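Here subunit A shows up in two complexes: once beside subunit B, once beside subunit C.
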Partner chain A sequence: MKQWFVLFNKEWLEILRSYRIIWLPIGFIVLGASQPIATFFMPDILASAGNMPEGAVIRIPTPQPFEVMAGALSQFGVIGLLLVALSGMGAISGEKASGTAAMVLVKPVSHVSFVTAKWAALLLLAVLSFAAGYGAAWYYTASLFDSVGWGEVVQSALLFALWLGFVGTLALLFSSLLRSAAAATFGALATAAVLSIASSSLPFEQSWNPGRLSGLAAESLNAGAASPGDGQGAVWLTVIVTATAMLAALAASARSLKRMPSND
Partner chain B sequence: MALLTVDRLTKRFEGTLAVDGISFAIGEGRCVALLGPNGAGKTTTIRMLTGLLQPSSGAIRLEGMKPGQDLRAWIGYLPQTPAFYGWMTGREFLVYAGRLCGLSAKEAYARSDELLARVGIGAAGKRRISGYSGGMKQRLGLAQALIHRPKLLILDEPVSALDPIGRREVMTLLGELKSETTVLFSTHVLHDAEELCDDVLIMSAGRLAEGGSLSGIREANRQPMMSLETEGDSRSKEWLEGWLKRLPAGFEAASATPAGARLIVRDLETARRTVIRELADADVRVTKLEVGYTTLEDLFLKAVAHS
Partner chain C sequence: MDNLTNSQWISLIVPLLIVQLILIAVALTVLVKADRTRGPKWLWAIVIVLVNLLGPIAFFLFGRRSD
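Moving on, here comes the complex of A and B:
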């Protein structure tokens, strides 16, 4: 356990020294704040765009606050995922290519600790950034529109954080399986996109699909609607399947690292 | 007492045999050189010993290690080109390596400072590794291999990438280290092995061509030898060529160039007399005539050529 913290500290120090601790939260805050602000000023923006005929009347219904927050989540679901996958790309493949993984793994270090320490640092960074961004979205929504209740926000944040964590884990898995960091990023995002599209477009019920998580997070913001999914059981199933898939990905990643600690 | 015993170690890569069933033992406190030309399988062997590569078959045993224990805790390893996190300082990396080996924070700091001074980069310890020269990285690599006081220090080509000064410094360091721990290092430079080692293992094409103590091997393969060199003018060349074809009994050509030859002889005294007479009669322009015994290099070339 002591060794695990040594590995984790090193990962966290790297995140600090490479300034990822600054740019990733900033990215999320910009994404999160821009959604309510842009929505609020949309009529003014359209009016000043200029090429409207004289006397045109624009009527945009004021959106519900939870709809604004859901808009922010959909921003995180696209660009936020990209940011997380980019920040985790090369986490393992880079160390394998440069030979530092071999330098560490000839020491009596468990392969599982090596992978999980990286994973924990990556996820902590992603979750902190997301919390900052979602907090910004919540603040601007409350000041420009109306407040959204604690309970809904926290529940949706937890569901979405799990989705982010799932994609971060996929990025780590692909990073240990593939040599190229770019291929690992692409693999993680493509898998996330396929799951997400499948969950929203295929006609049969998919309570096991982690791709539902972002949708569930958006739905759970709406206090007035019935509970998201088809009852709580379905949500728990998705959460359990996602957590199991993450554990399996970590195990596969540690196994692949044990078999090949360096590229040559 | 053998510290490390390797039994029929084999590694197969997609059809080619990189290491073909080698067996050897390394005694406690010995300094052993793993010699061989490039591509002989030295690095593959070392990577299997350090656990970075799974052997296809064969066994590696360390004396005193209980079954199921982690082999890596006993070994310090310096790869051919050590890699570091460029954003760390030298001292941070050593502390990190030490703590991964189970040292407490206090111990790790004390040991790091001690080793930084020992390998001669004490002043650079607070600088980022990204600014280190090749020689400094090699020294830092040596320091991180030693951090947990390993029983066996394994070095893969520790001096091949260094300039002559760096090379001399690292060799001096290794000379000091070999009195403290068991050392196994690979090299393709025979001279380095002769300078430092008690034992040599000569590898060629994945097999162990020769192995044993340096003095034993030298003794067992020592043959009287003559080395002859001429100015290389046409008459001398002509004579040499002709003479090599009708070598008298008791002479055997080990190697020859147009201007000179190395000959293994049966009896030094008669050979010396014969050659000097021949040279005087033919009026050959000799630049060098050396009478002595075969060196390890002759053996190395023979062992490598034969397999």
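Moving on, here comes the complex of A and C:
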């Protein structure tokens, strides 16, 4: 356990040195805050954009506060995921290429703790950044529109954080399987995109699909709806399947690192 | 824009601007201090200042050379 914390501290130091501790939270905060602001000024933006015939009247209903928060979540779901995947880019493939992984792993360090320490540091950073950004979105929504209840916000934040964690884990897995950091980022994002498109477009029931999580998070913001998705049980099923998939991905990347600790 | 007073308006926009300025300032400091960057420094300076949010992030990700 002590060894694990040493590795974790090393990862955290790396996060500080590469300035990820600065740009990832700021990226999320700017994304989260600009969504309510853009929604609030949308009528003015449209009015000044021109191309409107004289006397055209645009009526945009004031969106519900939870819809604004859901808009922020969909921003996080696109650009936020990209930022998280980029921040985990080269996490393992870089260490394999530079030979650091091989050098650490000749010592009596378990492959599992090497991988999980990296994973924990990456996910901690991603979750903290997301919390900061979601907090900003909440504050701006409350000041420009109306407040959204604690319970709904926390529930949706937990669901979305799980989705972010899933994509971060995928980025780590692909980073240990593929040589190129860019290919690893692309692989993780493409998998996430396929799962999430499948969950929203395929006609059959998919309670197992982790791609549902971002949609569930957006739905659970709506206090008026009975319960998100197809009931509480289906939500728990998604959560359990996602957690299992994350564990399997960690095991797979530890295994691949054991088989090939360096590129040559 | 009608139902916001000037000071409310400022209290909403200023924090967002400050956060972005911090990001730009840190990126520029790192850029100036760096011995070598991937690509010319003046080009990175333009990208950092002009490309909103993604410019500094792109510099942190792709511009720095660790060796």
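Here, the second predicted complex is superposed on the first by the 264 of 264 C-alpha atoms of A that agree within 3 Å, B and C clash if a C-alpha of one lies under 4 Å from a C-alpha of the other, contacts with A are read in each partner's own complex, and residues count from 1 in each chain.
Rule of thumb we're sticking to: a residue touches a chain if its C-beta (ideal position, glycine included) is under 8 Å from a C-beta of that chain, and two chains touch if they have at least 3 such contacts.
Since the model is a prediction, treat every value here as computed from it, not as a measurement.
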Touch test for A:29: subunit B only (first), subunit C only (second), both, or neither? second
I'd like to know which partner A:170 touches here: subunit B for first, subunit C for second, both or neither.
neither
- Message: By the touch definition at the top of the document, which applies to A:143: first (subunit B), second (subunit C), both, or neither?
- Response: second
*Report for A:10: first if it touches subunit B alone, second if subunit C alone, otherwise both or neither.*
first
Q) When the two structures are overlaid on chain A, which partner does A:259 contact: first (subunit B), second (subunit C), both, or neither? A) first
Please work out whether A:18 is in contact with subunit B alone, subunit C alone, both, or neither, and reply first, second, both or neither.
both
**OP:** Identify the partner contact of A:44: answer first if only subunit B is touched, second if only subunit C is, both if each is, neither if none is.
**Re:** second
Review point. Which of the two partners, first being subunit B and second being subunit C, lies in contact with A:108: first, second, both, or neither?
Key: first
Interface residues of subunit A shared by subunit B and subunit C, listed 18
Note: in the complex, subunit C contacts subunit A through residues 1, 8, 12-13, 15-16, 19-20, 22-23, 26, 30, 53, 56-57, 60-61, 64
Listed in rising order, the residues of subunit B that touch subunit A in the complex are 50-52, 54, 70, 72-73, 75, 77, 79, 81-85, 87-88, 96-97, 99-102, 144, 148
Touching subunit B in the complex, subunit A uses residues 2-3, 6-7, 10, 13-14, 17-18, 98-100, 102-109, 259, 261-262
As the complex stands, subunit A meets subunit C at residues 18-20, 22-23, 26-27, 29-30, 33-34, 37, 41, 44, 83, 86, 89, 140, 143-144
